[in-house]
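Chain nomenclature is as follows: A, B, C and D, assigned in order of appearance, with residue numbering initiated at 1 for each chain independently.
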Amino acid sequence: MAQRIGFAGLGIMGRGMAKNLLKAGYELTVYNRTRKSAEDLAALGAKVAETPADAARGNNVVITMLADPPAIESAVLGKGGVIEGLESGAILIDCSTVDPATTAAIAEAASANGAKFLDSPVAGSKDAAAKGELILMVGGEESVLEEVRPILEVVSSKIVYAGKSGLGTMLKLCFNLTVAHMTSAMSQALVLGVKSGLKPETIIETLMAGAIGCRFFEWKGGAIMDRDFATNFSLKLMHKDLHLVLNAGYTHNVPLPVVAAVEELFAMAKAHGEGEEDFCSVIKVLEDLAGVEVRRR
Amino acid sequence: MAQRIGFAGLGIMGRGMAKNLLKAGYELTVYNRTRKSAEDLAALGAKVAETPADAARGNNVVITMLADPPAIESAVLGKGGVIEGLESGAILIDCSTVDPATTAAIAEAASANGAKFLDSPVAGSKDAAAKGELILMVGGEESVLEEVRPILEVVSSKIVYAGKSGLGTMLKLCFNLTVAHMTSAMSQALVLGVKSGLKPETIIETLMAGAIGCRFFEWKGGAIMDRDFATNFSLKLMHKDLHLVLNAGYTHNVPLPVVAAVEELFAMAKAHGEGEEDFCSVIKVLEDLAGVEVRRR
Amino acid sequence: MAQRIGFAGLGIMGRGMAKNLLKAGYELTVYNRTRKSAEDLAALGAKVAETPADAARGNNVVITMLADPPAIESAVLGKGGVIEGLESGAILIDCSTVDPATTAAIAEAASANGAKFLDSPVAGSKDAAAKGELILMVGGEESVLEEVRPILEVVSSKIVYAGKSGLGTMLKLCFNLTVAHMTSAMSQALVLGVKSGLKPETIIETLMAGAIGCRFFEWKGGAIMDRDFATNFSLKLMHKDLHLVLNAGYTHNVPLPVVAAVEELFAMAKAHGEGEEDFCSVIKVLEDLAGVEVRRR
Amino acid sequence: MAQRIGFAGLGIMGRGMAKNLLKAGYELTVYNRTRKSAEDLAALGAKVAETPADAARGNNVVITMLADPPAIESAVLGKGGVIEGLESGAILIDCSTVDPATTAAIAEAASANGAKFLDSPVAGSKDAAAKGELILMVGGEESVLEEVRPILEVVSSKIVYAGKSGLGTMLKLCFNLTVAHMTSAMSQALVLGVKSGLKPETIIETLMAGAIGCRFFEWKGGAIMDRDFATNFSLKLMHKDLHLVLNAGYTHNVPLPVVAAVEELFAMAKAHGEGEEDFCSVIKVLEDLAGVEVRRR
C-alpha cells in the first residue's frame, strides 16, 4: 500500500526532502507558512494543506521540518497544528533540530493521540537535501524506525539509530557542535595565517593533508576564498543549535567551555549582520577586526 | 656526493626521522640531551656527538627537532649549541614548533655564520615519523628547499612550501590550532552525548558520516573509547603550541577568541595531570567534572 | 488599613523577608513547599496556607520568592498556584530572579485576573534579608510601586525603579553578572598569586586599596581565606542566573563573550560538587586544578 | 643627605611621578626616548640625560617607568641602557609592569653591577600619578624597601610589600586582571541592559548600591555615559598586562579560563581601533556589535 505522507515546513531543507518523496511516488500533502513554497510543490503533484493539522489529517506518516522551538510550538503543538490532525496509529517524524524539552513535548502529544513518534534531525546541506543524501539521526523505538525506513531512505544516504526518544536530537547537537568548532578553527587559522603572510590556499591544502583532511575544509574553505556565502545552512540556525547545546550542557550538568566560546563567536557574527548567510560567514567578523580579507590569490 | 647530516633532538619524533635518514643511507651525526637515545641510533650506524655544536660541525645539513623555545635557546643558540658548529654554506633545518620570534633568532644566527636556514615544522604522529610520512611545512628560500628536498622526502609524505622564513612555523601553528579545536569538539560531544544516553560509537560513526568525516575522528575517537592514551603527541606540547598561537595573535593583532578557550581547556587538562599523555587525553578533565567515562560499550 | 500579605517561598531569603514583615505588624499568610519552614513562621504569628493559591486568596498584596522558572511554573502559574487565588485589584510582587519570558508570563496571568504586577528581584545576602537591608530592583508601573513602597521598605535599604514590567528582572541579571565576574576575578587572582608565592592577605589588601576597593572583596576574600563557604547565596543559583543572562543575550542579540566564560567556570564548579555552597566556592575547582589552597597565613 | 635620583620613562605615569619627586626637592636626572618630555621637566629643575645609562650614572637611586618588556630590553638591559650606568650600591626601582622573566633579568643584571633591585609596579590613574596617590606593589628585600620608602612615599598613597623579588610584578598582574574583569562586567551589563530598555544611570546606581559598590563603577561608568575616553591608562597597555597574566598562568601551570576571555575581549577592542584610548573604551566593540550606544539620558 502506498503510504500517504503529510509534510510541514518547506524551507531550504524541507523543500528538497519533499521533492524527493514526490519523485519516489509518495502521495504528499504539504503545508508551509508562506503558501508560495507549498504551491511550487503542487506543480509536482503535492496536495496543498491550509493548516499543519490538515497536512497531518488522514496520513499514515507525517514529517515536520521546522526552524526552531517556537516554530514547533505554533505549527505542531499549537492551535491548528500537526497534533490536531494527527491520526491514531500514524507515525510523526520531526526532522527539525530543537531542544530535548521540545522533542519530549512533541513525543508526549503524539502519544496522547495514539500516534508514534521519531525525532530525526538531519545533517547535510541544501545540496544533500536536494540529492537525497542527508544523514538522519533517529531517536525513538527501533521498530518504528523500521516501519518508515523505506521513506527515510528516499531522503538520506545514511540513517543512524541514536537510541530512545530524544537521542536523535542529542546526536544532532553533538554533530553540529563539531561542525561549528571546525568552522571556527578554520576561520581563525585563515585570518591569522593570511595576516601573517600565508596564502589561504596553502592553509587549506595543509588542513587537507593529514588525518584531519576532509571534504569540509575544501568545501567551506573554498567558499570563503571565493567569497561565496550563499546559504546552505544559515549562520543564525547554527547559532541557535549552539545555544541548544549550551542548554543541554546546563540540563545535564556538563561543562562545555569551548562550546561557550564558539557560541559567542557565532553570536558576534550574527550581531555583525551575517545571520542569514551561510554559517561559514562567521569568518567575516574576525576579518573585519583583523583588517584582512581571505581571498584566493 | 653523499650529504652528511647533523641531527639534534631525538625525542618521540626526532628518533623516527633520524632512523629513516640512516636507512636511506645518509651519514648521520646525532646529539640528544639524554645520551641514551643517541646511543640507540649509534647501533644503527649514527655517530654520537658530545654537544649540539659537534653534531653540526663538518656537516652540509643540520636538522634540529626540539621541544620548545627554551630548548632552542640552549641547544641551538646557547653555549655549545648548533650555531657554534654550523659551517658556512651549510643548511640548517629546524623541524621544531616554536614561536616566530625564536624562528627569526635562529635564522639570524645561521645567516651570521654564512649558513642558510629553513623552518620546517612537521605535522604527524609518532607513527608517521616512524614511517617517513610526516607533513612538512617549510619556510625560507624556495631554492634552499630544493637543495634539501631529497632529504626531506625521506621523512615525509608531503612537503608544503609556506613562503618566506618563519611562515613554515606559522603554517604549523594554523594546523595545530585546528587539530586542537577538533579534539576539543569531539571530547565535549562525547562527554555530553554519553552523559545524555548516547553510545560513544554512535557519535563517532556520525562524525565520520558527512563532509567532516576524517581519519582523525576514527583514530582519536577510537583511542578514547579504548582508553588508550599512549603518547603520539603529548598534551603538554599541544598546549605549548596553543600558547604560541595566542602569542602570534597578540603580535599580529588578530583576536582569536575560540583559540583562547581551547588553550585554557588544555591548560586545565595539563593541570589535571595529563601533560605527558597523548593530547586526546584532554577529555579526561571533562569526564571527571561530568562524572562519566567514555568507553566502548 | 493594615494590608494583608500573602507570601510564598520561604527559602534562605524569603524567610528573612517574611519575618521582617511580621515584625513590622503585617498580617501574613505564608506558604512553603516543605511545610516546616512555614510552621516556623506560624510561631511568630503567620497563618500557614495549604497551597500557594490559599496564600494569595483574600490578600491585597502577594509576594513570591522562588528559586527558578520551574518553581514559578508550578507554584505560581500551575494548578493550585498563586494565580488561582489572586484577587482582582491585588498586587503581585515577584521577588524571584527568573528569565524575562517567565516574568512576562506572570505579568500576563496577573493581568488576566485583574491584578497588578511588579517584578522585584533582590540583591543581597541572607544577612541582608534578615536585617531588612536588601536592594530591590523593581519593574512595572511606577504608581503600583508607590502603593506598596511602605511594604517594600520593610525588607530593603534601597529600592531602584528599573522601568516597565520585566526591567526589574533585567537589572538584577546585570547586577549578578557583575558579582560573578568579580568573584571569578578574585578567585583567579588568589590562585595564581598564591601559587606564585604571594600571601592571599596581600592580594586582598591590594584589591581594597584603589578605586575598585569595596566591601565585597574583604567579605568574600575573607570567607575564602577562612575556608568558610556557608551559603549566603548558593553557587547553583548564581549559575542559574548566569544562564539566564546568556539567554537574555541570545534574545536581545547581544554578544556576551566574557559572561559565557564566567558561566562555564560556574558550570565547572557546580559539576565539581559546589552547587549547594556559597557562590564564592567557585574558587575550589581552580584550586584543585592548580594544586593550591588559599588560606590565611 | 639629599638622594640623587635617575628617572627613565616619562610617559603618562612617569611624568607625574617625576614632577612630584622634583617638587619634594630631589635632584632628578631624567631620560625619555622622545626628548620633548624630558625638556618639559628640565623647566622644573631636572637634568636631562642623553641615554638611560646617563640617567643612571652617579645616582643612588634609579627609577624606571617603561611601557613593556621590549622597552625594558632596550632602555634598561640594552646598549646605552640603565644597567650600563648603574652604580655599585645604588638601588634600581622598576615601576613598569612587565612579565616575571623580564623582572628576573633586570634583577640579575642589577646584582651583577653590585646594585640592589626592587620591582615596584604601580596601580592608579594618570590623576593618581599627578597627585602622588599611586599604589605601589613592591617586590625585593624588605630592608631595601625601607631605604627608599621616603622616596616612594612621595609618589604614592599606599605601599604594599609583596614579598621577594618579582612578587611586586605578580601582585600588580593580580590587581589589573581584576580591574579588567570589572570593566568587562560593567561593559557587558551596560550594553545588555541598555539594549533591553534600562537607563544606564540605573545600572550604575545599582552597581554602586551593594557590597560591590566602589568608586570605580561611578568613575568609569560615568566616563562611558559621558563618552569621555581620554586616556588614564591605555587599552593597549591593559591588553598587554592581560597577556602577561596569561603567560604567568602558563608558567605557573594555573588555568585562568575567564582571564583568557577577558584578554580576547581587549584584543577585539584593540583590533577595533581603541588601543590608544582609555581601557574603558573596551565597551565600544560590544556597542558596535549590539547596535547601541551607552549614553546618559
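Please note the rule applied: a residue touches a chain if its C-beta (ideal position, glycine included) is under 8 Å from a C-beta of that chain, and two chains touch if they have at least 3 such contacts.
Quick caveat, the model's predicted, so the values are computed rather than measured.
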item: A-B compared against A-C, more contacting pairs; value: A-B
item: Most distant chain from chain B, judged by the mean position of its C-alpha atoms; value: C
item: Where chain B and chain C are represented by their mean Cα positions, the distance between them in whole Å; value: 50
item: Computed distance of Cα centres, chain C from chain A, in Å; value: 38
item: Residues within chain C bordering two or more other chains; value: 249, 253-257, 260-261, 264, 268, 271, 289-291
item: Chain D - residues contacting chain B, complex; value: 243, 246, 249-250, 253-257, 260-261, 263-264, 267-268, 270-271
item: Touch list for chain D against partner chain C, complex; value: 100, 123-125, 135, 137, 158, 160-164, 167, 170-171, 173-175, 177-182, 184-186, 188-193, 195-199, 202-203, 205-207, 209-216, 219, 245, 248-249, 252-262, 264-265, 286, 289-290
item: Chain D residues touching chain A - in the complex, by the definition given at the top; value: 257, 261, 268, 271-272, 285, 289-291
